[in-house]
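Residue numbering begins at 1 within each chain, and the chains themselves are lettered A, B, C and D in the order written.
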Amino acid sequence: MSREDEWPVRQLRMGRMEAFSDGVFAIAITLLVLEITVPEGSDSDLLRAVLDQWPSYLAYVVSFATVGAIWLAHTAMSEYLHHGDVWLLRINLLLLLLVSFLPFPSRLLAGSIGNPDAAKVAATVYGLTLLGSALAMSALWRHARSRNLVRPDAGDEEVVALTRKLTPGLAGYVVMIALGLFLPVVATVGYLLIAVFFIVPIHRMRRSAAVRAEGG
Amino acid sequence: MSREDEWPVRQLRMGRMEAFSDGVFAIAITLLVLEITVPEGSDSDLLRAVLDQWPSYLAYVVSFATVGAIWLAHTAMSEYLHHGDVWLLRINLLLLLLVSFLPFPSRLLAGSIGNPDAAKVAATVYGLTLLGSALAMSALWRHARSRNLVRPDAGDEEVVALTRKLTPGLAGYVVMIALGLFLPVVATVGYLLIAVFFIVPIHRMRRSAAVRAEGG
Amino acid sequence: MSREDEWPVRQLRMGRMEAFSDGVFAIAITLLVLEITVPEGSDSDLLRAVLDQWPSYLAYVVSFATVGAIWLAHTAMSEYLHHGDVWLLRINLLLLLLVSFLPFPSRLLAGSIGNPDAAKVAATVYGLTLLGSALAMSALWRHARSRNLVRPDAGDEEVVALTRKLTPGLAGYVVMIALGLFLPVVATVGYLLIAVFFIVPIHRMRRSAAVRAEGG
Amino acid sequence: MSREDEWPVRQLRMGRMEAFSDGVFAIAITLLVLEITVPEGSDSDLLRAVLDQWPSYLAYVVSFATVGAIWLAHTAMSEYLHHGDVWLLRINLLLLLLVSFLPFPSRLLAGSIGNPDAAKVAATVYGLTLLGSALAMSALWRHARSRNLVRPDAGDEEVVALTRKLTPGLAGYVVMIALGLFLPVVATVGYLLIAVFFIVPIHRMRRSAAVRAEGG
């Protein structure tokens, strides 16, 4: 099996890939706050200056929710993996490249939301980065399934459920990217909703609330 | 139990959530130092310039102590958890959203402490972020208890003690937020004291000193 | 064996060194995005401003691929180590010193690519940092082999294959550094290709594609 | 033993404290590179501009070596600990407060080295931060010994050797701080030498070179 130039790595422990990914996710999610600043000399009316920063807060929350959703997906997926291989690491590097790039379109978005033409460009760059991340996440799981990296004791039903969650909402993203060409702020809110519904499926929310109401 | 859209995740290992949270805490706590700068051209009297930065040091120490206290609480709590579930991850993401936001109000505070009106706004934003973090931390533990995520071998007394520690000092924060509307610097020192007493309960300090004096 | 001033450390667990290294790699790889900014006042034609940033994207991708390749090599290597010693930590600190320095030459490169003379200086500084990192990585593995830190159950063939991968392409880097004195952009693309082929050996790519075509 | 306000934490696993500390060390050590910049408009003679940044490189190397030395000491120490307690976490937070503060005096030093008066202030602030870190590191180990947190199987000789390594070179730092009031650059080089000799004891270096010469 081994080729002369290939890495002599067969059954990688998952720990290292998880630790490195968690590091990148944690930093990408935390760097976003560095983008939020109030203009110099806004001491005379700081409340207004703070409120005027709403595009930065919006961009912060959208990007935080998106990275959080990717982290959640990555964690759920790696719970189902028995071991890794070198191609898993390669696809994972591609995913991390896109995630760690996110602070840049996020900053573009925050800085341009007051200018319709600029906001359209920013929303498009933002959406393409999200679409790329979703595709990389999906490729990671497809690779794991096709190379038998999934834990043998994983139930078929669970694997199917996870596959459904990790199949990117291509249609959703394409619609939002198209929408962003006309209504960039609406598309930005759309990206937030996609991430939040990904993290917390709405049906489950209602049901869980019901369970809590009964149980609590 | 499983719904069509829910994550097929039942008994999560805690390691991943701990590693990601530690990453975010570590970065949030370390980024704070980037806010501390001396003005350009202060070489002629650097000592004075360094001393004039006291609001930055105060903000640094307050935020460091607060994130440190949250980290300590998070660590103590997760020692008592047997496993996680997907809602624990969700509430944890909310906590991390607030913690990683902290460098922004921290910077506001450091930059506005010389201007009473601005400092009142900054202290209020700061206090609300802290209050939110305390509520999220408390929600995390309440969720863990209500869903039986706590280790079976945890003693009742210990669980009660931890619950008491993790019940947010709502009254304390509300008083400080109100106080910050009039005396922002006093409120800032108050936030420091809350964090330090949270990390090191004063009774225990005295007792420990006594034990040391005897034992050492 | 133990000298008076030496650390009393014999068989170090690898976990700590891996965690610290993963932290540094993750941060170095993520900080790169902070260098990418669009000029103030580019709202009027943001698309052009975004496209004009191509040197920053190139520098970002080259540095990401390089740090990714080093991380992959570090992970593959540490899979083969049974334990560490204090010299392994020292050589590892040297590697991390070079890797965490990389954002600086990366920024130099991104900022100077439009100016041939400046770009030559930047490409040289960049190439020397890469060469140093490759030498440190190689020294790490050589040390591990000479001090019997390699797992006893590692196959000879695998150890030879890993040694071949971790022997730095000295010739390749020297050629690129020399080339960079005349054609800095070509050398930069060369650094990208070295990193990508290191991550994904091309023979294996073709073969893997064939296997996929058959298997899929 | 338990007091009403004390954390109900008895035998903490070390993993969490190690992960959080590694995160802070990794970030503090990597943030240092953000301080290194060349002035705007230095494209016309980038080589000179890069060389003129030598104070930044010096500060970078000194701070990297210092954080590296602290990390090495922290790792060696935690190899000998069987478990932690809540006071260990508290002293550790104090250590991390000082380590994560280091980028500020490091930046002061890099920015003021051309101005003797400013450099004296910067070298003093720098030295005091290092002295504080060394004291906190030492307190951590003293606490571990006095509270029986050390692994039962640790040899007496090893514990003594580690104690000797972790006893801060108070005299050395005090001398350097005093020296820095007159010769700040010499003191800075002194801090570098202290860190490097701490990482690599010189006797051992010579001996190791001899062993290598024989063995290799």
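Keep in mind that, in the parts below, a contact is a pair of C-beta atoms (placed from the backbone, for glycine too) under 8 Å apart; a residue touches a chain by one contact, two chains touch by 3 or more.
Being a predicted model, the structure only gives us computed values, none of them experimental.
**Student:** For copies chain A and chain B, work out whether under half or over half of the interface numbers are shared, and give different or same accordingly.
**Tutor:** different
**Student:** Give me the C-alpha superposition rotation for chain C onto chain D, in degrees, nearest 5.
**Tutor:** So the angle, rounded to a multiple of 5, is 90 degrees.
**Student:** Work out the mean Cα position per chain and let me know which chain is farthest from chain B.
**Tutor:** C
**Student:** If you average the Cα atoms of chain B and of chain D to get two centres, how far apart are those centres in Å?
**Tutor:** 25
**Student:** Cα centroid separation between chain A and chain D, in whole Å?
**Tutor:** Once rounded, the distance between the two centres reads 36 Å.
**Student:** Please set out, as single numbers or ranges, the residues of chain C touching at least two other chains.
**Tutor:** Correct list: 19, 23, 26-27, 31, 34.
**Student:** Contact residues on chain C for chain A in the complex?
**Tutor:** It is residues 18-19, 22-23, 25-27, 29-34, 36-38, 42-44, 46-47, 50, 60-61, 64, 68, 71-72, 75-76, 78-79, 157-159, 161-162, 164-165, 199-204, 207-208, 215-216 of chain C that touch chain A.
**Student:** Show me the residue ranges of chain D that touch chain B in the complex, using the header's touch definition.
**Tutor:** Going by the criterion above, the answer is residues 2-9, 12-13, 15-17, 19-20, 23-24, 26-28, 31, 34, 86-87, 89-90, 93, 96-97, 100-104, 107-108, 111-112, 115, 117-118, 121-122, 125, 146.
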